[in-house]
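As written, the chain order gives the labels A, B, C and D, with residue 1 at the start of each chain.
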Amino acid sequence: MSFVDIVQILDSTIRLATPLLLACLAGLFSERAGVFDIGLEGKMLVAAFFSAAVAAVTGQVWVGLLAGVGAAMVFALIHGLASITFRGDQLISGVAINFLAAGMTVLIAQDWFAQGSRTPALSGDARFSSIDLPFAEALSGVPYLGPIYAEALSGHTILVYIALLAVPATWYILFRTRFGLRLRAVGENPGAVDTAGVSVTRLRYAAVMICGLLTGLAGAYLATGLAAGFTKDMTAGRGFIALAALIFAKWRPWHALGACLLFGFLQAVSNRYSTLDFGIVQIPNAFVLALPYILTVVILAGFVGKAIPPRAGGQPYVKER
Amino acid sequence: MDKLPRWADIALVPFINLALALIVSGLVVALIGQDPFEALAIMVNGAVGSSYGWGYTLYYATNFVFTGLAVAVAFHASLFNIGGEGQAQLGALGVALVCLAVPWPHWTLALPVAILGGALFGAAWAAIPAYLQARRGSHIVITTIMFNFIASALLVYLLISALKAPGMAPETVRFPEGARLPTALEVFGAIGIPFSRTPLNVSFIVALIACWGVWVLIWRTRLGYEIRAFGRSEPAARYAGISPFRITMLAMLISGGLAGLMAVNAVMGEQERLIQDNVLGAGFVGIAVALMGRSHPVGVLLAAILFGALYQGGAELEFETSVPREMVVVIQALVILFTGALDGMVRSPLERVFLTFRKQPKPGLAPETRP
Amino acid sequence: EPGLIIDLGGKFDKSFNESAFTGAQRWVEETGGDYMETELASEAQREQTMRRMAERGANPVMVLGFANASTLETVAPDYPDTTFVIVDAVVDQPNVQSVVFAEHEGSYLAGMMAAMASETDTVSFVGGMDVPLIRKFACGYAQGAKAVNPDIEVISNMTGTTPSAWNDPVKGGELTRSQVSQGSDVVYAAAGGTGTGVLQAAADEGIMAIGVDSNQNYMHPGTMLTSMVKRVDNAVYDAFEAAQNGNLETGLQEKNLSNDGVVVAMDEFNADLVTEEMTAAVEQAKADIVSGEIQVHDYSSDDSCPALDF
Amino acid sequence: MTEPAIELKGISKSFGQVQANRNISIRVMPGTIHGIIGENGAGKSTLMSILYGFYKADSGDVFIRGTRTEIPDSQAAIAAGIGMVFQHFKLVQNFTVLENIVLGAEEGPLLRSSLARARKLLKQLSDEYELHVDPDARIEDLGVGMQQRVEILKALYRRADILILDEPTGVLTPAEADHLFRILQGLKREGKTVILITHKLREIMEVTDTVSVMRRGEMEATVNTAETSPEELAELMVGRKVLLRVDKAPATPGDVVLEVENLSVRDDAGVERLRGVSLRVRRGEILGLAGVAGNGQSELLEVLGGMREGRGRVTMNGTALDLTGARSDARTRRQRGIAHVPEDRQREGLIMEFHAWENAGFGYHDDPRFNRGLLMDNEALREDARAKIARFDIRPTDPWLTAKSFSGGNQQKLVIARELEREPDLLLIGQPTRGVDIGAIEFIHEQIVALRDRGKAILLVSVELDEIMALSDRIAVMFDGRIMGERTPGETNEGELGLLMAGITETDRDHSVAEIEANLARRAGKTA
């Protein structure tokens, strides 16, 4: 594997890690507030569809982005209604949302575009184009770091940089702001928040809506940044990998970046090499692709540190017995 | 005292939930420019209007009975097994290995062994998440999701390597003739009743037996009693000397085994070879079926037939109109949403209604009755 | 009334299925006839879909793609009065017509054009699912490229080993970018729906691309060198037509360069990229292949390729 | 005349069928410490939660410093200057002290300035009131005493001048409790008003100015502490009820059935709940275990019943019981002849959604009588249930009803019928008559005595002193995970037991409070 290969794989890693990262941070907000979300996949999928569909119709990717985010937030609202207001089962609600997204996107795609379950291919302004970071050209000559900066880091779409910036932003919001403090508290002990005179319901809705926003960005990136249009089931389990990354990261923003980059890297590698040949052992592609899931199980089993979810996660808050 | 009378709990609430799901589905159909009533007519006719429709409806229902029972048994132990998909995949592997390992002379010999193979493999796939939940406190929902993905990766790997048949497709060779299960066409044909050629096969009987078996297990055996007790209250189970570890393991093994049995119908009964995408989402449909069937085998059977009809009707709908088959997925999602997650939306107003019809509580019950 | 079962990927995959769909549409337009059409939803429903078509009285029933072979093998005998047509695979049943294409020949021409257009002396290939059929494309392509330039480097990647490899544009794009980084400046996509990602990435990266099955030149004018068109549309049209006239033959139908079953597309979208020199070379090679002067090796004949290692 | 700091008028609150508060009125003067005492479930916590806006009262008014105030939520209570330290702390375990303190009382959208200001104020407060805590420590690393200080600081940080503490000493060591009281005295000197809920009479006598006694959701009396005595309070608290007369012959104790030596238990949070308990129960006698809830009685029953692991030595009829591992479970205990009526029948003793007949065999469902091979003999179970229903006069008599559709008393009879019918060598029985009416109480008591007279050993745990007095042949009093002493009913009275339950022994009474404190502290050793 040459240096050029490595730069290429890094470049690919960043592209592939971006939707994971956005979805993972989305899940982080929701679960930190005590609302489990296995519906990341579904929200990403509706966002992918609506962003591509509206971008195709208007020719404006930013309008598409707005539509995608809006759609994901509507789904987030459904999850909020089910799990916060009606105190339903958060897991079942997540399952329902995934199915709803899988079905609805195809139905609407067929109805609007009659091209099977896809949107027309996007081009020009209907797609995010890549932007070059400052000095990319000038620095590309610097040995090693130059190409990494110019080729792996530079030249992605704006959403990639938004995703990367979302990591420190998430960290800052969670750990340096009043909102973040309350949000973390409501996922650990809603009673403490309630007795402190702060509305548990409002906080949880806010978290769930932020989750919608971020999954919206993730989906929009998939359809209008990474690909050029929507195809059926195009999230292809990324929502679940993001969930795995979230557990792997133990619900922490910087660790989430690490986990998503790792999982993106695994995908990039498996894209490139159909089997990994280490001389003595050959690792089949299927195994490389399954590695995020396997790693998550190992983490969950407590063999590599213990992943302790927010204590109040998964349970609706009920004041009176 | 129950807030709702029993009939309301087991019939009225699910009925309202289902009605809401169907109303919203109808709106969706209308939104994409089709007449919902016409669509309904096509679906009903396609699903139960002919022996062909019935054959497919019941064939799908057979799959859903197994996965629905799997979810239901776990629900009784208050475990949410969403790994039915992966367990069924592994069950398929077990069934395929059984069918391919021996040149079976007759299906009557192959079937019991295949049942065993499917159940064992499915159970084995459920065992790890169960152990992790019982001993290490890892959330079973997350681990079973992960195991779904790992199962499909494993199957892909085997189908492109060790098990691959010559040719291009990632599938095994066809099972031997002796492992073919008789279909409804043959069974009814033998007694002179005409029936369409459908994949409905003797596995349907196995599914009915499984329903009965689960009923016996849950309501007639000591283990079932313990599963139900554990599911209702873990402290009470501990008080009664019921081991949480043992029940978690056994309930999940049975659940996984049932999910694995689905392969007897789908893989042995229809596909007759192991292919990659053999479960067709039935593992997830099982969740909707168990929720709707209130985790009772009879309810599961009825809900499975309903979903079987939905699947078959949906296929016909796609054939006849431009409504894609995904309509069924939407209906399924809405059923899960309304019967599962939004249950409280229907239940609490209903409870209030019933409460106002009931006489007010005697004033100051517990405290005053003492000297 | 004929019936057509669109395979996984859908009739708007811009590629294989779309080609078949176009053929059926052309037949409708020209004859005013009617046909039944349905789209396969999943691998496991092949049998149900085939049977439903047959039960509904469709004749012939046309299925697309090699993945249908083993299913058709069991279904066809149950409907002796129905004729089935399968594309891309051979099913040996009395009521089945098997249509196969000489993809290696068309790919050979595409390879020649790629080699002539390449400035980096590196061209590449992105396949869909790794099956002999797709290796047949790659092998023909490599032979054509090497015929023009024996020193040329041909990079080949397959998207995957399962049917999902036909529908993974994101991965197709990633593979293309990786090939670009290895120097390729012409990429040939034989990957069904995955191909859209390949062509898109090629356009984004500013290299040339070669489409497959349908004429995909219009998708990215300016970067599409050509398309290796497999006239599946003709196969469908012919089958429907023959059935209408009551003279549909069963058995093997070979479509190759000589009967225009495979062609490299030349139109206004790629006119700027195709030099006269290229046209001449292609015409010459085509004539030589038809005449037997040039023997293009068919990978699937012995599972080996003289020009490319997999 | 000064306005009362707090005045409640006619507060009522019910939870479904349970009337937790009934027409309660109370006045608390500013600058005083006001105690509230009452048995478990008397409604103390509910009343204070209403005052703090955590629950909404069904009816009644709240006056704060003379003005009628609506308290729809905790925000309003905080604004009115009320702070509350809940019985179960409302702290975020993985937050630091500082973060917990500013939570909900931040100054602006960013934390930095809030935290800095809180740190300063915290230092000031802790100097002022001797409330020293490390502001950067995580709650989960702190002992309960420290956590409580954080709760108090939380209230003070919000400028509370009325502070409510719900059973603050339940989890404290005597030394910590003593420290707490010094803090409370300090607050009082500052002119703040303190409401202190407790079960411990000693504490009431020591720190409060006035005291209210609640009983069964109602306010019994409010008196000046100086004008009352522990004995009087105990009587008010327990109620002037006719002492239940249980006809029983003197005990004829036989061999030792249960012998417990040096038994210790930690709860799930790692807190030591039993600290070296030793006791014996003989054939034909009832050993009553008195004590305020939360002093280790529950844990003792749970260990003996096989629901919890422990350390020490327990023998049953001379052979040792496993206290850890697979054979320390409830099934094995039953096989060894131990029956158990758990304290919480709804959470443990019954499956509320099960039919009565299913519950009637619960725990004995593997008995060969109820099984035929792999299957359960449901007919046999139902037959057995019908017999029990008839014999124990359980109403309604339909075995097909679910447990939750029976009244509390009948639920209890069902459990007792199940456990007594086995003729166990040892019966563990917790709160046998909690929430049960007089008729049922008598019946249940008769059954317990009859079992004793059949030569069985009985270990009775109850928070009802008169029940202990009426039934027991010997009485042991538990306090803080230890046995404080043993008495026989004939030689003691409720007053003496009440004092023992509050952690005061005979010898303590002659000494000054300070000496008692020291004594207690020594006995408690270094805990926390």
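Here is the rule we use: a residue touches a chain if its C-beta (ideal position, glycine included) is under 8 Å from a C-beta of that chain, and two chains touch if they have at least 3 such contacts.
Remember, predicted model here, so these are calculated numbers, not experimental data.
Contacts with chain A and chain B are shared by C, D. Between the chain pairs A-C and B-D, more C-beta pairs are in contact across B-D. The mean-CA centres of chain A and chain C are about 35 angstrom from one another, to the nearest whole unit. For this pair, chain B with chain D, the centres built from the Cα atoms lie 45 Å apart.
Separating the centre of chain B from that of chain C, both taken as means of CA atoms, is a distance of 40 Å. Mean C-alpha positions place chain A and chain D at a centre distance of 47 Å. Residue positions of chain B touching 2 or more other chains: 156, 160. Taken residue by residue, chain D touches two or more other chains at no position, since every residue touches fewer.
Looking at chain A, one finds that residues 117, 286 touch two or more other chains. Which chains touch which is summed up as A-B, A-C, A-D, B-C, B-D. Partner chain D is touched in their complex by these residues of chain A: 175-182, 184-185, 188-189, 191-198, 311, 319-321. Interface of chain B with chain A (complex): residues 28, 31-33, 80, 82, 128, 132, 136-139, 141-143, 145-147, 149-150, 153-154, 156-157, 160-161, 284, 287, 291, 322-324, 326-334, 336-337, 340-345, 348. Taken in their complex, chain C has these residues touching chain A: 10-14, 39, 130, 157-158, 160-161, 164, 167-171, 173-175, 177-178, 181-182, 193, 196-197, 200, 204, 219. Looking at the complex, you find that chain A touches chain B at residues 38, 78, 81-83, 86-93, 95-100, 102-104, 106-108, 110-111, 114, 117, 237, 240, 243-244, 247, 284, 286-287, 289-290, 293-294, 296-297, 300-302, 309. Residues 16-19, 22, 216-218, 241-242, 305-307, 326, 329-334, 340, 342, 344, 347-354, 358, 362-363, 365-366, 371, 374-376, 378, 402, 404-405, 408, 435, 437-438, 441 of chain D are the ones touching chain B in the complex.
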